[in-house]
Amino acid sequence: MRNWFKLISMAAVIITGALLIYGTHDMPAWGDPDSPANSHVSPRYITEATKKTATPNIVSAVLADYRSYDTLGESAVIFTASISCFFLLRRIRNKEDHND
Amino acid sequence: MTEYILAKYNYWIYVVLMMIGLYAMMGKRNLVKKLIGMNIFQTSIILLFVSTGVKKGGATVPILMHAGHEHGAQLIQVSDYLNPLPHVLMLTAIVVSIATTGVALATLILIYKRYHTLEEDEILAIRRESRAYKTPRILNPTD
Amino acid sequence: MSDQLPALIIVAPLLGAFLTPIIGWWNRHLSHPWVLMVLTIPLYAAYSSLFKVIKNGPFGYNLGGWAPPWGIEYRIDYLSAMMLVLITTIGFLAAINAKSAGNTEFKGKEAQFYTLFLLQITGFLGIVITGDLFNVFVFLEISSLSGYGLIAHGEEGAPMATFNYIIIGTIGASFYLLGVGYLYMATGSLNIADLATLLPALYHSKMVLVGFAFFTTGVAIKMGLFPLHIWMPDAYTTAPNSVSTLIAPLMTKVAAYLLIRILFTLFKPDFALSVVPIATILGWLAVAAIVVGGVKALAQTDIKRMVTYIMVAEVGYIVMGISVMNRAGLTGAILHIINDACMLLCLFLVIGAISFKGHGREIYHFQNLNKKMPLTMAAFVIVALSMCGIPPACGFFSKWYLIMGTIVAKQWVFTATLLASSLINAVLFFRIIEKAYLAPPEDVAAGLDHTEAVIITRDKVPLTMIVPILISAAIILILGPLSGKIIETVIQHAVPAIF
Amino acid sequence: MGEVIYSAKPLWAVLVSMGAAFLILLTGEKARNLRESWTILAALIKFGLVFSLIKPVLAGKTIEYTLITLLPGVALQFRVDAFGLLFGVVAATLWIPTSFYSIGYVRTLNEHGQSRYFFSFAMCLSAAIGVAFAGNLLTLLIFYEILTIATWPLVIHHEDTSAIAGGRKYLVYTLTAGCILLLAIGITYSLAGTLDFVGGGFLAGHGSPGLLILLLTLFIAGFGVKAGIMPFHEWLPSAMVAPTPVSALLHAVAVVKAGVFGCVRVILFVFGPELLQQLGVWTILAGVVAFTVVAAGLLALGQDHLKRRLAFSTINNLALIILGVSLLSKNAMTGGILHIANHAFMKITLFFCAGAIYAKTHKDHVSQLDGLGRQMPFTFAAFAIASMGLCGLPPVNGFISKWFLCLGAVETHQIVFLFVILTSAMLDVAFFFPIIYNGFFKKPLPDVAGKVDEAPLLMVLPLCFTALFSVVFGIFPNAFLNFFNIVRLAVTNVLGG
């Protein structure tokens, strides 16, 4: 049973990995400055961000301004996780019930 | 051929890392090992993403060095700076990964409190045993 | 004000969630009214955006004023406006219900519970409203994390079920992220509309193909499509009732929405028609989902677990409608998203009310339940009829479109599966109705019941439970005859013009 | 077709009993008389509404009312033509005596769950009228399914093991049939793009012959379940565990007739006689139905339980109706359609009698009825009249429809079918007359001997009423309700000219 399960996991992992590596075939070479990722959207951040947001750190500019809603979501994620942990791990003692 | 490998090898390394994580998530029977696998998996995705922002040929971190100068903006060459977008995205992804790990650990604490083990097989055995003579009832997980 | 509607839909519940712990800390009895108050804002905003879309057509909203491919865009078209309305309505009803169910299930932790509740709804709304692939991921994680927290607080097996859900859910989300990564590497963009114009030139690129595969697999995990449904029954069965009422109807539907977006907006329909055999794969997976879901549901005696297996089958319905790749099928799939969400809401509300009254969830516990909870059981009968596809309940109409879709596509196996599945549903539900409405055989044999008017008591569940139940049952009955209208005004514009 | 009148009357005719159903549920057990008066009131209003439609329809008009659009080109639409009106009139008329009879029956037997009983009853009637007035296949299906579900609580009314088993069987058969119908209607819609009934059919010219034959099979299987066509008849005798007024109205009139009605709608208004001739399948259809006629008659002979015997007689007569229609000749069609009305009056009388006997003496087997005729003269007289009618003896109305059926069979030169009809009449004699003979002339069993003791007035009056009308319609087929003219008009609508 256990071995059988591990075999299936291994097969799934190998298939997934093979698929991912197959996908890299068409990928631009590592570090290619003209790859689509580096040439479609991002140049504008580099050239414009400082002008428009007055921040020398472009990553901060994009994080807190262009994609600020991602960052809002990010803080919401942390908030969710902290509340979740609080929710799950907090002990409610019986005497609290008598308080109100 | 060598060129091809040189152009792609780092992607392949991330994929291999990813698959190690994925296998741990699916094949391991210890819950903490699964969680560690999850972390490896997420981290390797982050690496893959960040690596797409690399530009060869002298590009540096995307912080403008002479931003204080009036005419600094005109001097900016796109090829001088790394692609900032993947960094931004991965900042968020790192936070997500941490948050997930946190919640997963919280559930692991609950599981350990209840079953006093983190081996999946043992937990399943305990649950099977308890189901044999009682129907599930609503419990406060912190009991 | 009305220009800011899209932002309001997300910001209001998010800020509300941030404030909930403070309000709850001040006085925990205030958190429920506070949540209801907060939820009225997205509810209003969702309805007015729907009317705006119907009047003026789809519109976008650039967050922070940055133009789309650089900034994040919220895009409200017919489909997303419809989903917003669905999510806010169901979220609101579930929130009303949470008062009594939640307050008993989470005594002393109301504030945290309602915070997660609001975050859950925010996550769903965000996934639907945003036009940016990475933003979808962020909101997907908000909804998943709050879901993990809420579900883990359930019955005996909940933490274990949740841990499995976390592992599988994270695989799903990470696959989605990998998909985003591959598409980003191929195009350099994250905006759905921008990608949709860039991608057609790259349809045969291996990067795009792999990205697409990971997208769909990730979404299928979140959706609970067979065989990736394994986390779903355990998680939703062990979840607290007030939680499954919210998550079960919506999570699968939001994921189905994402699937439709990916197949028909991000990629153009001809990608699925001519480049990859995704339609065939999805179609047969849907058949398997319907069959396995139905058979497994038949084997259950716990009604909540039974419903979760029915959910597996219902996901199959939606995916089948998508997979036949024609107008009727897709219309049916979208209509079924609405209908199924309402039916599942009503079912989980009913289960919640029954558990609240201290009755068990095993089928034999339903014996004669009608005498004790007539209104709840009436609602249950309405859902049951809708699930079996009996008109005029709404289930019939989506089933009609789905069947039309399979007929047009000449997929007779699919047709047969759909028909057989309604029969399985009939068996599933009538065996419970029979129990609920009939006196126990020994009473009949003893002539006990034949004496005179057996006194039927009132349900005696709190108003906050019975009102959502009755409203959702009424919605099921009303949606059916209105489906013509819904299709005419909304869904037919949401279906790609190519069909 | 003539002029079209837009009027909400058909809708009201459907809604009135639905409204009454909810009033009944709200009134509940505490105020029984008030609750029963809702039933009676709704029955009378419904009859009034339906009756007022007869005149315009006979003048060649069609009454139409569109509620909402369900699909592109298909609306939730009521359209009253002559054929639909016939079924509507029969159902609405017979609801009145059945209401009175039900009240008498449940009170005499002190039945439980009376509110549920009357609620479901009213819902059934609503659905039956909806089926009758439906303007297209989808509307028909919607009401047909409501009818299926609304009947279930009535079938399992007794809540004992056999009732539940009967109910399950009923659901399995009818819900499967519903699915088959859904499929058939889906295919029809994808072929023709419309579902509106047209006299003479609308499917001609769509689809290949093979597909059309498959489609016809699906339709007949779908509607045939309720109509009790032979391989699908099993549920009907099992469902006879229901209280007798239920069997009377629903299993002799509303439910099974809805099945027959559907079959006829499909044969004449979806496929149309010409297309069926062209496909050449009508002989097969008629053959299958003819087999049902004979086999049901033979099976009825073997039944000792009175209601089961009546159930098989119902199967026999329903098949006869479909046989008439599928012969596709003018007279056969007239006979078949007319038999819908005539059989309803006769069969309801028979069930009323069976119920009266059971309520009074708790006897429900044929062998136990010896000598009861002397004790319950009115009941047995009515029984005799109705069974004579079913055997096709004048002056009862069954004679007329059977006469036309025979004429039609001769017209089509298919002597086989003439023999089938005549054999069936012989079989009717064989299984009804012993009951009458034993009832009147055999020595009574010791426990019932001697006293003349009729069932309560609320039960005897309705059954005398329906028996009387069976005779009246035999002598004057056009009396009061213009049945014969309506049928003629319906046939003309289909065949033209």
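Per-chain numbering from 1; labels A, B, C and D assigned in written order.
Methods note: contacts are C-beta pairs under 8 Å (C-beta built on N, C-alpha and C of every residue); 3 or more make two chains touch, one makes a residue touch a chain.
Note that the structure is predicted; figures quoted are calculated from it, not measured.
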{"item": "Pair sharing more residue contacts (C-beta pairs) when A-C is set against B-C", "value": "A-C"}
{"item": "Where chain A and chain C are represented by their mean Cα positions, the distance between them in whole Å", "value": "24"}
{"item": "Rounded Å distance between chain B and chain C, as computed from the means of their C-alpha atoms", "value": "28"}
{"item": "Inter-centroid spacing, chain B versus chain A (mean Cα positions, whole Å)", "value": "8"}
{"item": "Inter-chain centre distance, chain B versus chain D - centres from mean C-alpha coordinates, in Å", "value": "69"}
{"item": "Junction residues of chain D - those touching two or more other chains", "value": "none"}
{"item": "In chain B, residues with contacts to at least two other chains", "value": "22, 52, 85-86, 89, 92, 96, 99-100, 103, 106-107, 110, 141"}
{"item": "Chain A residues counted as touching two or more neighbouring chains", "value": "20, 24-25, 27, 35, 37-38, 41-42, 45, 67, 70, 73-74, 77, 80-81, 84-85, 88, 90, 92"}
{"item": "Inter-chain touch pairs (all)", "value": "A-B, A-C, B-C, C-D"}
{"item": "In the complex, chain C residues that touch chain D", "value": "385, 388-392, 396-397, 399-401, 403-404, 407-408, 415, 419-420, 422-423, 426, 430, 434, 437-439, 441, 444-445, 449-454, 481-485, 487-488"}
{"item": "Touching residues (chain side chain C, partner chain B) in the complex", "value": "105, 134, 137-138, 141, 144-145, 148-149, 152-160, 162-163, 166-167, 170-171, 173-174, 177-178, 181, 184-185, 190, 238, 355, 360, 362"}
{"item": "Residues on chain B engaged by chain C in the complex (per definition of touch)", "value": "22, 25, 31, 34, 38, 41-42, 45, 48-49, 52, 85-86, 89, 92-93, 96, 99-100, 103-104, 106-108, 110-111, 114, 123, 127, 130, 135-139, 141"}
{"item": "Residues of chain A touching chain C in the complex", "value": "19-20, 22-28, 35-42, 44-45, 65-70, 72-74, 76-77, 79-81, 83-88, 90, 92, 96-97"}
{"item": "Residue ranges of chain C touching chain A (in the complex, touch as defined)", "value": "10, 14, 17-18, 21, 63-64, 66, 69-72, 106-109, 112-113, 115-116, 119, 122, 126, 130, 134-135, 138-139, 141-142, 145-146, 148-150, 152-153, 178, 182, 184-190, 198, 205-207, 209-211, 213-214"}
